[in-house]
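Below are the structure tokens for one structure; questions will follow.
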């Protein structure tokens, strides 16, 4: 089957339609919340609130910026490890996130910030929109290299919608605590993405196997992503926690868990290689699993040693997953998981949900103080029959709801994305920037007559290639990379 | 004409003279402001100010650091897209900004923070100095690759001076609002830079055309710059706004505008390519136009949907500019704009000024509240005859003053920079790091006898080159890049 | 001597043992401090503390995140300048820092935050742990490329311990002020690292000389590290200063010093090159010396012009050090300092200590105010016989204690690291990622028969190499880099 990957009308029309719809919906629904609206000056005076510093902005904005960096630089560069997919990794992540945050402001706004006929947005909404998009970035990791930007926009549209519904069920109906999103962001995002890539299974993907690995510099670019995710994860898990001690504690716990996770990831990476060498894939990914797995419990009284134990376990589980589980999933279950999100977000997300449920079910007034307990689990005044074991059970229920939403949603969205007119690439053109990006003339040195004349000869070491195939393949990348190709050696030297 | 690009005395003398002058001027004029001076402990007690948290530092420092990253990493890496000009892009930007912030502390200090015989600096001065330098970084984009570091220091000296005068006229005389600097930073910087590059027109610049494009990894480095600019722009536009709701609102508006701008930039980039492919130049630049264009209005009651509309329009205008206007400017008006700053800062800056004027002229007590209106436009008490339409007219006047200052200043500075002794490169050596940076021996593999013997033969495909030219050109880059050059192919293989 | 660099058991066992020990020690000793513990809600009510904003978290967390970026991205990427050591620079720095911060939380906790049987950790402890690890990152710069990750973990274990003892002597016994760590972090770290590398002297290191230089893109990666260090250094020096004016002043002073340092580094770099060209090594490193050298005095009343003078001097001293002193140290004193830490941290650290001592000895109530002086030097109430000259003398004593600890500790740790079973690389394999990282099959294009047949011939320009050596050397890097190697030219073209 020949795919038409020319997006000249499909991509512009999709972008413009979505953006026009967003403008209209924002015009009808979105207003500033009271902390971003100057009217508070007239009304708050009676309430003896004298300090601008009490504005929510100053509690949340530094964390917001850190989360923002994680979504755009963290996820974007983490996926640049592929040798010929850097433009798309960073660029498509940029596109889907820019669309997703707008749509998330609306969807989450209708569920959580809608009153007096308007959605009222403030800095916490911006953080939550970034969180929601984080779940799309996770799913993007599973389908990386195999979908068109139009498909990504469609996926983002549906995934943000489903995320918001799931989040509403968990946070508002089940009253689950999930400040760092182990369930809502990571588990949901990972299993949604895995289901989509399972539906989009490509049996001939081995044809672009060569491009599915890294080159030296692409792995360094990916480390930029890894490190910004790792460093700012304490901000991620604490960004929407209660003011004061909860936010403080969430940062400490995440810091501890991530540190422990690095050591066990390195240990396993070395132990599982026959010569004891480290693998950049593990260092780039498994080291982050500790942040995922304290997402739910970070703001609770997990204790620093509890965080270390969680990080310890996740570094091991995640690295084992990369070595044994990912190949198994691809070979047996036909799940082609480009970035290994099952190891970084799937399993650690489930572990995080369980850790959260256990930690919540152990909560009591000795550990939290009387007021602290009420504040941490939000039952001050109106939830009189709250108890810890019930909270634990609701937490566990939240995990199952998230998994169910991810699987059912993923199947539906996967089937929609399988329709043949979204401009998806052929199996042999996956993981290749040149399909959707202008790369030839600007990027590479121009051909000279010398090269052209070389190309009149067939390639001696690839007799199966006709003269035309050979030209096309070299031409794809321009002639400078001809020199970097093993085939070129036979032409030039042998 | 042969240019002498040896900077051995010119650059050190310029740097040291400027820095000595700065030390002396700082010694005479610069002191800490009251929030950075321990004397407040003795004096403020009576005033019942009990909290350290009220220190301006905590309101502004996180935003300051974000702005700082935009100036040094954002602008620096944005310009690394050129294949052989990465050291200069990052390094010269570093140099001019480090000089510029010191000079701006003095210039802006004399205009805005000078009392009791001293300039009193605090964190807001640091932000404003970074802002001022931002305008120089914008202008640097127009002349990138065609000027020496000595010329850049001279340009910075004059541009910071002119910037400060212009800013004083706008903010203090015309009482214009321009928190994010659509007029003072972007419009002024862009048209100043364009005028300078127009004066410095190089008719034979096509001789270094080959180096004026990107290579694969250089485009990824540039995306680091793009993303840090994009992510931190909400901090840029809100950094010096009033405490509380204004700062909060400015961040929200910028966030919205930038998100919308990404979608329309992508849409236009694809629509304007014959195969629907995306162009990295647009993704790197046009996506940022939304931040420029809400610079003036971000802290006003622009409303989230207003921000989306601004971003929507700017993504389109900016991408169209890259495709149609930049080639036109170069071919017809002899304006060689290396980074396309007219599309990213020029037009969006003007749009931002207009949006600001319109938004200000619509201000009223219904929208802002009574106290909010007074605070937002600073007329509480002493400006009794203020009205919105007058504010709008002054805003518009500010745009024309900025344009006039940029054009007149740019002509004068351009003429100064045209003097032949600043070490500027010849037309065929533009966009080349090796002119000003030690690159050969450390950077590239050393030549072997094998290569040397090859160079005894003239280049068959460049008959116009004598043996000596050929050696020089190859020698410039060292022998490893010989292999990456198309010319090398003819020697080795053909 | 043939070294066994297979770490399959050594590295995993070391990591897992250390991490298990940390989990146990955290379980026994580490608890949240009162600002991260919900019990404060029950107890603080009586004390009329109404604002969450007074939580230490909001005073320190933004600075903490900046410091965190400096340690992981700043130091990690600064060291990627080596052409074939990027994975190890970023990856090993990641590993040692992740271990070091946990161990530092314990060591520093026992000395400074231990009461009621527990170490109480909050955000300030996280910052101090990062600081402590900063000193290990400094020392890593001296031994970069010549040690195994197991050696680095052992070094970190001992250096963090010694750092904490030294810090306790300085801050608690001598009551020295050193907020930005000129003495405790930079001087100690640099001379410790230099002593270790002196003990580990490798007489045949010239065999891997070729890989000890940079390539074009590796220098750009290193600039990411440089810039994040440079930009966030004001946060580093102000992170643990007193709230309010001290933190504010420390940021201003560091900003000024760093800006001046850039200009003099550029001046000297150009002046010391025979053609006036700039050297990336100086731009990457010497520009940062100004931050090191105001570490002690930044929070004092150094005045902005004082900071400029310090930066001015350090840019000169540091660049001179790179040009003249580093080669001298290697040739005469057998100190092989890979990153030139003596120029960036050693000499500037000593200068910083002296500047701090002088500034402290000039302190008086005119400059600081009565209360400000008491607060700045912590003698309010209990230190009745404090005077400035005494403070200055103790500051100077702190420098000598740090140097002594570094030298004695460095000798002991160096001897331990010299033991032959830590998996260190042979002299000819230094500065090479492939020793400890899986790079071949994923990273490089696979060999074809064409290349294999070329390798049947001995290398004509390296007659000393046997056929087997030649294959091994090419095979090390895979065949694509064959084309980038000068040796390849002789095979292909000559």
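Each chain gets a letter, A, B and C, in the order it is written, and its residues are counted from 1.
Heads up, the rule we're going with is that a residue touches a chain if its C-beta (ideal position, glycine included) is under 8 Å from a C-beta of that chain, and two chains touch if they have at least 3 such contacts.
What you see is a predicted model; the values in this text were computed from it and never measured.
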Exercise. Rotation angle for the CA superposition of chain B on chain C, to the nearest 5°?
Worked result: 120
For this session: Between chain A and chain B, two touching copies, which fits better, same or different residues at the interface, with half of the numbers shared as the threshold?
Result: different
For this session: Let me have the rounded angstrom distance from the C-alpha centre of chain A over to the C-alpha centre of chain B, please.
Result: 31
Exercise. Of all residues in chain C, which are in touch with two or more distinct other chains?
Worked result: 51, 53, 58, 62, 217, 224, 483, 492-493
Seminar exercise, completed: Counting only contacts in the complex, chain A reaches chain B at residues 6-13, 15-16, 18-20, 22-23, 26-27, 30-32, 35-43, 51-53, 55-58, 61-62, 65, 68-69, 72-73, 76-77, 80, 86-87, 90-91, 94-95, 98-99, 101-102, 105, 121-123, 126, 149, 217, 221, 224, 436-439, 441-451, 453-454, 479-480, 483, 491-493
For this session: Please give the residue numbers of chain A that touch chain C in the complex, ascending.
Result: 51, 53-54, 58-59, 62-63, 66, 210, 213-217, 219-220, 223-224, 227-228, 230-232, 234-235, 243-249, 251-252, 255-256, 258-264, 266-268, 270-271, 273-280, 283, 287, 301, 303-305, 308-309, 312, 368-373, 375-376, 460-461, 483-490, 492-494
